[in-house]
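Next come two complexes, and both contain chain A; in the first it sits with chain B, in the second with chain C.
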Partner chain A sequence: MLNYALRRLLITIPILILSTFLTFGFVSSSGDPLADLRQQPNITQEQIQRVREMRGLDDPFPVQYLRWVEQIPQGGFGEYLISPRPIWPDLQRVMGNTLQLVVAAELIAFAIAVTLGAVSAKKQYSVFDYSTTTLSFLGFSMPSFWFALLLQVGVVIIYRWTGYRIFPIANLSSPNPGTGMAFWLDRAHHLVLPIASLAIFSIASYSRYMRASMLEVMSSDYIRTARAKGLSERKITTRHMMRNALIPTVTVAALSFGTLISGAIVIETVFGLDGMGRYFINVIGRRDPYPIMAWLVIVGFFLMLANLLADLLYGYLDPRIRYE
Partner chain B sequence: MGAEPQFVDAPTGVADAEPLLSIRDLVTEFKTPDGIVHAVDGVSYEVFPGETLGVVGESGSGKSVTVMSVLRLIPQPPGRIANGQILLDGTDLLQLSDADMRKVRGKDVAMIFQDPMTSLNPVLSVGDQLAEAILVHNDIGEDAARKRVVELLELVGVPNADQRFDQYPHEYSGGMRQRAMIAMAMANQPKILIADEPTTALDVTIQAQVLEVLQRAKQETNAGVILITHDLGVIAEMADRVVVMYGGRVVETGTVDEIFHSPKHPYTLGLLSSLPRPDVDMERLVPIPGQPPSLINLPSGCSFHPRCHLGEGRQTCRTEIPPLFELGPMRASACHFHEEMEDEIHRVESTTGTAIEGDEA
Partner chain C sequence: MRSPSIRRWRGVGLVMAAALVITACGGGDDPEPEPEAPEETEPDAEEEPTEEPTEEEEATGPVQGGTVLFGDEQEPTILNGWLIDGNSLVTSKVNSNVFPGAYVIQPDFSYAPSLIDGEAEFTEDPFSVTYTIREEAVWSDGTPISSEDFVFTFETIMDMEAAWADQITSRNGYELISDYEVVDEKTVTFNFTEPFAAWQLLFAAILPAHVLEGEDFTTVMNDTLPDVSGGPYIFDSWDKGTQLRLVRNENYWDGEVMLDELIFRYVPDTTTLTQQMVGGELDVYDPQPQIELIDTLEGASDQLQYETGLGPVWEHIDFNTLVPGLDKDYVRQAIALGINREQIVETLVRPVFADAEVLNNPFWMANSEFYEPSYSQWDYDPDAAVALLEENGCTRDGDFFTCDGDTLSFRISTTGGNERRELTQQLIQADLAAIGIEISIENDEGAAFFERLNTPDNCGGVCDYDIGLFAWVGSPSPSGNANIYGCDGDELRPQNWTAWCNEEITNLMDEANSSVDPQVIADLWNEAAQVFADGAPVVPLFQQPQLVAWENGVTGPQLNATNATNLWNAGTWARTE
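Right after this comes the complex of A and B.
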């Protein structure tokens, strides 16, 4: 297992390097980063020329790439194009916020989906099964921003009727969130609606995979063997069915992590959260290539991390993978 | 050739012993989109202590469904045991609660399945799966269970049993897996050991070894064995008595000698003359014409009549379902014209160019 994990870890290094290269290649070929500047009447040709020279925009591609990529292991992504502020502190802040949202949504979605999928497979064609299948169809088809708006509207209606605000409908924290435990409780309270809107699609999709793989496992020969041994149905479910059924579900969940991040862009906008999504839209608007590249590399890194985690989990669940 | 066939001697005094397991009038049906299928339609047979009962028949003859009904492992729905009794030491298994039935499974009645490649859970170690079978029925610790499993694995001929305990099914060969399955089945000293086509999925060279292990398991546990197979060679090798099934019913029972040398049902005769046999030198084989019947739409009367040479379209065969005629102790045939089998055997013998009856002692 350790051997497998190490091997898997080593493979990620060249992929990371490749991802920085592709990021730089695509972004730098997408046009002149100073185009906006040129259209502003109060900026002179000399000023533009000075920025060009300062950032080395006229250097050959490989030189530019190496200069940029060198900064990354030193813990930074350089400065913004025009203002000489470092990118990393901003990115770090929004990254932390988004990770709280996305990781919580993923974990909660996974736990709920696995339970729903397993139970509706065990009770195939029951009322429960039909309702979860229908609901997951709904969750599948609903745009997440629309669902988020619905939740907000719902909270407002409840406020009107009862005068009680069950959940905040915007921001990450109250104006005075406090410190320590109080801060995190306040944060969790603020994240309930964003997490719910983000998780709903994942719950719908993972639970269908779980149901399908559970049904397949349930009709397999080794489950019959387990029954013939005299095991209780409970033990058969937990020990023999769930672990096998989780294998494909884990893969799907890990591969969908990217979908979750792109979903976060929308959700953060709806709820006005200071996260990576809003940050990305912001810097794209400013046409600043440096934070865009930094953002892409970070997201690429997290996607790879998710895949790595999935592979490790996969190896843990399925001994056939481990030894290959 | 005409070499003396090697038959296992039937246990003496079987006829007056009490049966260990007695299946009576079992009806198991499945609901399908095309209607209700009677996969097992009034099957009765008995298993006596220490004997090996061979059950033969084509695919779809109901031989597997019968034993799955004994363990109540028929998936419900669509399956349903509609009628009958399954008496194990006088207790009707069909009347037990689910919890009590679980105590019977793997303890009093253990089963070995056809395909060892898929019958073990791929994500649990083989040792753990065997230990599980012991732990569920015995109040012992994990260490004691492990020790017992290693003993069992050694007994069935798995080398380096202690290291192999921790290996996963994909690290076992097919033959080794089936040995492990046999070890699992004998773990709790069952009274009845059911082997459902235990060698069908295996390499021919491995088959003999696995049968040997099965024989050892039987001696070790002194269980009554139900051996389901469509391989008459395996029957000749292993069985004391034989039950022949066709279209969900029992069509003939007898000792292995009786079945092989003087079959009393044209279907049995058809089986014998359609396969090459090591003990009889045949010039040509005689196939059974037609297809196994569809269980949804069984032929009227005797379900074998459309394929039967003996019946020749006689009225009785087409309209009356033949009962199982008692021909002697433990000997029965479900053929209206079983008295005519003598002539029928001679007719087939002239076609195959040899004596079906072999060199009867």
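Right after this comes the complex of A and C.
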């Protein structure tokens, strides 16, 4: 399995190189990154031209790409275009914040969805089953930004009625978040609404997969055999049904990482969270190609990692799968 | 009265909120109610909410202490406002409270001496300005603010050999200073090679020489500011992406600062910021006003108040006068006559600011005492527009006129995605269709539009736009317009994107810029505005409205729609009992 994982990781290198080359081409041809400066009457054409020359913006695209590649090992993705500030510290900061949001949303969504899906399947055609089905379709059809706005308005209404803020409307932390455990409690408090907004779609999606998968497993021969052997229903459900039913759900969850990241872009903007999504919107707005590239490389890497993780999890969940 | 949107979603929101309480309580620490605690003693307004102030509470005056949370849509890129990357209003909001300036621009666009003792003295021939610094003015560490600081600021900006030389945003005015004389610790004279009309804009922020001497100006104020301040607040910390904290300068020389802290909270979404204001998480904010936003603020009028006014950002259309058809004065004049600017203001601006008017001068904003409505000669008159075209031999065979073989069909372009501009385009399109001029809308997303705008030399001939709709930021001094609309001989100045070259107007602008008598300057710019209006290379539309809102527990915020920003008087803000 280790060999397989290493081989998969090595394959990511040429994929990353090719994708960065293509992406750099798209980004650098999408417009003049210094166009904004021209709106400022105080900044002269000479100044703009000097920045252009200093950063080699008039060089051919492959030359610019190689210059960018050279910067990566020297200090983590180089510097911003206009002011010579390193990109990595900013990325490092927002990456941590987004991971908190996305991982928490994914874990919570997975746990809730697996439970809902399994119970729905076990109680097929019950009131509970119909209710979760209805709510799942509601979750599917509701845009996350709209749900986020609903939550914010709800909190405001409660505040206006009672004077109490049950959850913060925005930001990652309070003005004075404290340290240690107090800091993390404050952070968790601030992440409740964003996680709920981000997880709602995943819960709807995963629970449907889990339910369908459970129903398929429940009617299989080995479940009947297990019952015939006299295993308890709890053991049958947890060891045989759920474990096997989890395989497609895990696949969907791992492959949904990209969806979660794109969801995070919206959610971080709505809730004013200092994460990868908001950072991406910010650097896109400034049309600075270097941080955009850095962002894409990191997200690309994590996407590939998520796919690898999905493959490895198959083996754990289904020992019949062997890696070659 | 609550806002309609809040009323509409009240029921749904409650259900959702209740569901979340059930599912998500484990992750957070529920805030404890604190019904008796007055807000001004609470350093963390978000953490522990207090009850809405009663009428009795509102009637009480400012008290010492407390925190004000200011919400902002944008965050500074770097904190050094002197460098290109830090040249933004959001940086100014911070810097203006840390670095003292000679003058502060007032809400009525006038200049008030701040760091200096009365008006600066100046001589006209040769032109020199003498600043006498207030005797009591000191940095927060007790060091007097001195002539040396003025000189250090000047030399930092003008050091052409320094690593940051290419990064300085503007040397406008400073480059005319030939030498200086330090008269004494508190008096310094700067001599100019020629008069500079906007001299009051110079030294708007002074650097502490004793702290920054020998530092690399390229990096020293990127992520932090000096730990000494000459303004009402001292920089404390910047948690990027979240907030920037200023704390009270105990040694502030211009009156007692009431607040303990002024914290900027950064959230990029206006809707969210507004929910935070109404939800009691913010104390002050100044978003771009929109109709729905005003409705929401009105709905929370028991809890907060707001002020709207005309801002320095003025919308206009620019003609590319090298485009066939638009190279003719009478065509541009007909377009100016054919656009119902009054309707544009009525539709798009008055719902936000009821007193808004059509802007009729490209150089003086309507807030200025020098404003004269030179463009009122182009008040909406579609019949006159058609008559003007016909008088000049234009023929109308179908829907549209043809003049000298050029069919009057033009593109209008702007920053796509800006709703107000897109609506403006549609109104213009309909107005001009009615007088026989075809307008097609061709936008670029966001700032990509500005790539089209340039001088012909920089885009290989005729730049790729016919009519551009965008805005410039006005200033108490119109001096910068000489670069935007002037030309030297046949050579266009750097930002003359209209390519309209008029010697008379250039001379008037240059003469105004080398005058120092305010009335002479005003007359010259108004004369230039009249010549400009006659040629109509640009049609001003309106000044964008601005807004500042604050909760009832705060006193002091006042709209200042100039580059001084709405934080211009933050040193006087306070919380009330």
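Everything below uses one rule, namely that the second predicted complex is superposed on the first by the 306 of 324 C-alpha atoms of A that agree within 3 Å, B and C clash if a C-alpha of one lies under 4 Å from a C-alpha of the other, contacts with A are read in each partner's own complex, and residues count from 1 in each chain.
Criterion: contacts are C-beta pairs under 8 Å (C-beta built on N, C-alpha and C of every residue); 3 or more make two chains touch, one makes a residue touch a chain.
Not measured: the values here are computed from a predicted model.
Visitor: If you stack the two complexes on chain A, which partner ends up touching A:Leu149: first (chain B), second (chain C), both, or neither?
Guide: second
Visitor: Name the contact category of A:Ser232: first (chain B only), second (chain C only), both, or neither.
Guide: A:Ser232 contacts chain B only, not chain C.
Visitor: As a test of reading the superposition: which chain, chain B or chain C, is in touch with more residues of chain A?
Guide: C
Visitor: Just checking: does A:Arg67 make contact with chain B only, chain C only, both, or neither of them? Give me first, second, both or neither.
Guide: In the superposition, A:Arg67 contacts neither chain B nor chain C.
Visitor: Scan A:Lys123 for contacts with chain B and chain C and give back first, second, both or neither.
Guide: neither
Visitor: One more residue to check, A:Asp318. First (chain B), second (chain C), both or neither?
Guide: The first partner, chain B, only.
Visitor: I'd like to know which partner A:Arg7 touches here: chain B for first, chain C for second, both or neither.
Guide: The answer is neither, since A:Arg7 touches no partner chain.
Visitor: Just checking: does A:Arg243 make contact with chain B only, chain C only, both, or neither of them? Give me first, second, both or neither.
Guide: So A:Arg243 only meets chain B here.
Visitor: Starting from the residues of chain A touching chain B, keep only those that also touch chain C in the other complex, and list them.
Guide: No residue sits in both footprints.
Visitor: Which stretch or stretches of chain B touch chain A in the complex?
Guide: 71, 73, 75, 102-107, 110-111, 113, 115, 118-125, 129, 132-133, 136-137, 168, 170-171, 181, 184
Visitor: Would you mind writing out the residues of chain A in touch with chain C in their complex?
Guide: So the residues of chain A in touch with chain C come to 30-32, 35-45, 47, 50-51, 54, 80, 82-85, 90, 93-94, 97, 147, 149-160, 163-176, 185-186, 188-193, 195-196, 269-275, 278-279, 281-282, 285-287.
Visitor: For chain C, which residues are in contact with chain A within the complex?
Guide: Against chain A, chain C makes touches at 2, 5-6, 9-10, 12-17, 20-21, 23-24, 27-31, 33, 35, 43-47, 49-52, 67, 69, 77-78, 83-87, 166-167, 169-170, 172, 218-219, 222-223, 239-243, 245, 263, 265-269, 271-273, 275-276, 278-281, 300, 303, 446-448, 450-451, 453-454, 458, 470, 472-473, 480, 483-484, 494-495.
Visitor: Under the stated contact criterion, what part of chain A meets chain B in this complex?
Guide: Contact set of chain A toward chain B: 219-222, 224-232, 235, 239-240, 243-244, 247, 317-320, 323.
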